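Listed below are the structures to be examined.
Both complexes below contain chain A, partnered by chain B and then by chain C.
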Partner chain A sequence: MKLVTAIIQPHRVDEVRAALEAAGVKGVTVSEAAGYGRQKGHTEVYRGAEYTVDLVPKTRLEVLVDDADAATVTEAIVSAAQTGKIGDGKVWVVPVDDVARVRTGEHGADAL
Partner chain B sequence: MPSRNGQFHEGSDAEVPHPEGVRDLKRLRRDLAETLYREGAPGKHRRRTLSDLVVQALAAHWDEASGGIVEGAALGAVGSLGRGDAGPFSDLDVVLIHDGRTLKSTEVADLAQRLWYPIWDAGLELDYSSRSLTEVRQVASKDLAAASGLLDLRPIAGDKELAKQARALIYQDWRAAARKRLPELLAASRARAERHGELAYLIEPNLKESRGGLRDLVSLTGLSATWLTDRPHGAVDDAGAHVMDVRDAIQMHLGRTQNVLGRHIGEEVAEAMGFGDPDDLLASLAEAGREIAYALDMTERGARRSLERSGVGSRAFLARRRARAPRHTVVAEGLIDVDGELALAPGHDAAKDALLPLRAAATAATTGLTITPTLLETLQRCPDLPVPWPPEAREYLRELLRGSAHLIAVWEAIDLAGLVVRALPEWEGVRNRPQRSPIHRFTVDRHMVESVVLAAKARRYEVDHDLLRLTLLVHDIGKRPGATDHSVDGAALIPGIAARMGLEEGIAADMELLVRQHLTLADLATTADPDDPETVERLLVAVDGRLDLLDTLRALTECDAKAAGPKAWTQWREQLVQTLYVKARAVLIEKGGPTGG
Partner chain C sequence: MEEFTLDSGNTAWMIVATALVLLMTPGLAFFYGGMVRAKSVLNMMMMSFISIATVAVIWVLYGYGLTFGSGDLIGNPSGFFGLNDFDDAGSLAAGSGVPALVMAAFQATFAIITVALISGSIADRMKFGAWTVFTVVWATLVYFPVAHAVWGGGLLGWDNPITSSSPIDFAGGTVVHINAGAAGLALALLLGTRKGFGKEPMRPHNLPFVMLGAALLWFGWFGFNAGSEFAADATSGRAFLNTVVAPAIAILGWLLVEKIRDGKPTSLGAASGIVAGLVAITPAAASVDTWGALAIGFIAGVLCALAVGLKYKFGYDDSLDVVGVHLVGGLVGTILIGFFANLGEVTTWAGEGEDLVPMDGLFYGGGVTQLVTQTVVALIAVVFSFVMTYLIGLAIKYTIGLRVSEDVEVSGIDLAEHGETAYEEAK
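Up next is the complex of A and B:
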């Protein structure tokens, strides 16, 4: 099993969710995130004064998938989240030793 | 250990009595409750009948367990059983009282065992204690919860004179320690509110522990037992009875003790209570909870004032009392300040003064004076405001909304008195309406008032703050049962509201636009690309290309979200909103568009 984690632009969440559903993903965890990448934040001007936005708001998605589905899910996220601009985000995949469904006590792939 | 004929002997291997009196009590109580429900017995009668059944069974049990002791020891009911308002599956709250002389301590311990074990064996939940008369007084003086329960002490069996004496002494001590008890009672109420929230605003309310719940109802009685003040009756008693009816319906549905109206049983309990929609049941509970909380606040204030005036025998206080006569100051037309309370001025004819309710509310909000219950009753007899409202009425409303520090308390008072709905009939549709979104912590009506309060913190926005407050007051007015898009439905109500209030056409149009678009900035900021000129353009179209409305929408968005709850206005969300707002503002300034309507 793999954990696919994506940091994306908040306004791409709906597109990514639709893409994940189309890819057969049944559940996803969504949370608010903030950070910076190569763009190192940006500068805004408000009422004539400049201020620096160091941490840019992003959305974090986490999806648990079978090993065989990891590449498809990653590609679905990348395609749906991509705008081609700086700050589109990152997706990474890490192995998962085990998963348990709390309600039933099932483990492994059965718990996905 | 007492034998079945009431004689006592030493040892722990004594015969446990056959629990004749309570053996079938659990089943009998449930059967009787079902019969009473089937027959449609009123809640008060049902609770009294069930409590009587329990008391009779416990009396029979006492006779068996004690061998008919009638001197030196007594069994008493406390808490809800003592008051006669226990639920169909409520715990049995009982106390074994002894005079400390007639029975030896080992005999008392044996008697207690013979009383409590059969009750547990019968599957009943028991909350018990065993104390001498002296211990009863000591515990009552130190433990507020125990003292509150003991105030309801009802003799069941045994030496009933002893139980009555205990009750009289508890009351005597309670009154003597009123100065100490009052803050304790109120601190306990506040702690419960902090831990369990407010009954009026919870989706899953705890009917016993939440603010406005049954414990606060008991606190009311505790306050009046100090003899410092009387407690209100009528509406608050009806509210208490309603909360108990819902608690009983929950217990009947679950077949056990439970005080929380969980979401999973909402529909069943609502149906049992005759409500077609669980939200209507929650709305009725909100009304009841507000009534109880308000009554507690008023009673508390009365007790405090009484303490300040009388000093309950303190010479220093008596001296102060002589030195300071009650203040009577005219604070507005027809209204006087009487020692911190707002009252009707002598000779003022409220029946001819349609502006009085709004004037009183505005005065209370700006001065912090509490509207007396008598004045609230008087305000209900004032004539309706003419349509359109005269300019003074609009100014009073503006003053009321500006009084952010006291607005909530004043609004609660006038709303419970029915004055808000009289002035603003559309309020009825959102009154006590629960919100099932997890980000919301208040009912629709309270949320709107809370958002007005928060407008005081939005002073950095250079906007028409009266327009902002007025719009916030009605921004969710469309969240009525059956609404599909509350922004659109709410905007449709604004022309009627504005015409009744006599607002200028321009202000009415701005309010309508802002109510319709009150979610637009937050929605676009979180779901659309802020770098896309199309996103900015959509926002500018929403505010009619006007800088003043964009600024007002920004302030409104923040107040609305903050009033909803901490989850609705995170740093993450604020940053997204601010980014889009700044971009839109820059575009408008560059265009040199209109700044005001």
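Up next is the complex of A and C:
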């Protein structure tokens, strides 16, 4: 099993969710995140005073998938989240030892 | 004794105007509260709310007497103790048929908001207890005397020994805004800068609050300006219209500066422009025609937008620009009366006996007399308020202390001083 984590632009969440559904993904966890990458934040001006906002708001998506689906799901997220502008985010995949479904107590692939 | 005849129309308007002006102080709490960081919004708003509490109480005890009681230097603190034995025929609003009690309630709201305005310069870092004591001491030693001097027949009023014409301060350019602005500067200098001032971002945490606050202030300001006529008549209509016009064009002036200087017109700029325009038209509301109101509003919008940058240049942390908006805006309005006063159009003043009379402005054929009068009175108020506030601040600093500890400031004054936080995650 794999955990696919994506940091994307908040305004692409709906598109990515639709793409995940189309790819057969049954569940996703979404949370608010903030950070910076190569874009290094942005500047805002308040009453003439310029402030650098280092941490830009992003959305974090987490999806648990079968090993075989990891590549497809990653591509689905990338293509749906892409705007081509700096700050589009990142997607990464890590191995998962075990998953348990709380309601039934199932483990492993059955719990996905 | 003169006969007092109640005028129900004027009285009804003044009661409504009083409620409008009182609403300005909670409005100011939103205006200021939105501009600070999330960890100190409650303290910021509480500084306005506690001003309502303390100043209203001392107003009925001795504030009204100190302000409107007779006396050259100060009023008469014990003359109206408790505001129970009133002589309707003896009050300033008697000619309009408005009972003295209504006049006293109306003027209480001015004292309250003047004190609350100062809190903008000391955001995030003043002990709440020290602020509470300050509200009482400052109102007593600065607001009441200045209001008496200008409006109570004192040293800066209609029969003063200093100027050669009667100063014009219709609704409080000197009494409220110059007074609060100079006090804000003194207190900000005494408290020192916030930790990280000019280096760390201190972005306003809730701009919609700021715009809501500006809207409430504008709404309440109709009571402030049009109510200062003490009657519902053509002059209050003039003040009302000018209070529509000046802030409107001040928005344009402020945004124009931002567009040229910073590239984008901001919502904070629009909200600030409203307040700058309101401040500047306050003293002039009934003494300038529509052209004058347009000119004063625009100039105030532009100058205040430029003035808010001074604190970075000179290194004083006037956190929410009490100096840049209220002192500068108050001076702009007060001094521009010397150019734009058009009393032929809108006069209400008629000098009695030995009283001085106000003159038309330089652009309306009155010469420089009124300009000199306005400038002299404004500068006296700046110096008096600054020096007195500095002394009061020093006294509090060396007794109960002015400033919270650095730990409290960094972790957030709301939790330390009030035991609350405004939001679950207050940064």
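By definition in this document, the second predicted complex is superposed on the first by the 110 of 112 C-alpha atoms of A that agree within 3 Å, B and C clash if a C-alpha of one lies under 4 Å from a C-alpha of the other, contacts with A are read in each partner's own complex, and residues count from 1 in each chain.
Operating definition for what follows: a contact is a pair of C-beta atoms (placed from the backbone, for glycine too) under 8 Å apart; a residue touches a chain by one contact, two chains touch by 3 or more.
A quick note: this is a predicted structure, and the numbers were derived from the prediction, not measured.
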Joint occupancy of chain A by chain B and chain C, clash or fit: clash
Touching partner for A:P57 - first (chain B), second (chain C), both, neither: first
Partner chain(s) touched by A:K85 [first = chain B, second = chain C, both, neither]: first
Touching partner for A:E32 - first (chain B), second (chain C), both, neither: first
Touched partner set for A:Q9, first chain B, second chain C, both or neither: first
Chain touching more of chain A, residue-wise (chain B, chain C): B
Among 186-194, 366-374 or 456-464 on chain B, the segment whose C-alpha atoms clash with chain C after superposition: 456-464
Contact residues of chain A, present in both the chain B and the chain C interface: 44-46, 53
Chain C-touching residues of chain A, taken from the complex the two chains share: 44-53
Of all residues in chain B, those that touch chain A in their complex: 526-531, 570-573, 575-576, 578-579, 582, 585-586
Chain A - residues contacting chain B, complex: 9-11, 13-14, 32-34, 44-46, 53, 55-57, 83, 85
Touching residues (chain side chain C, partner chain A) in the complex: 201-204, 258, 261-264, 266, 268-269, 272, 305, 308-309, 312, 321, 324
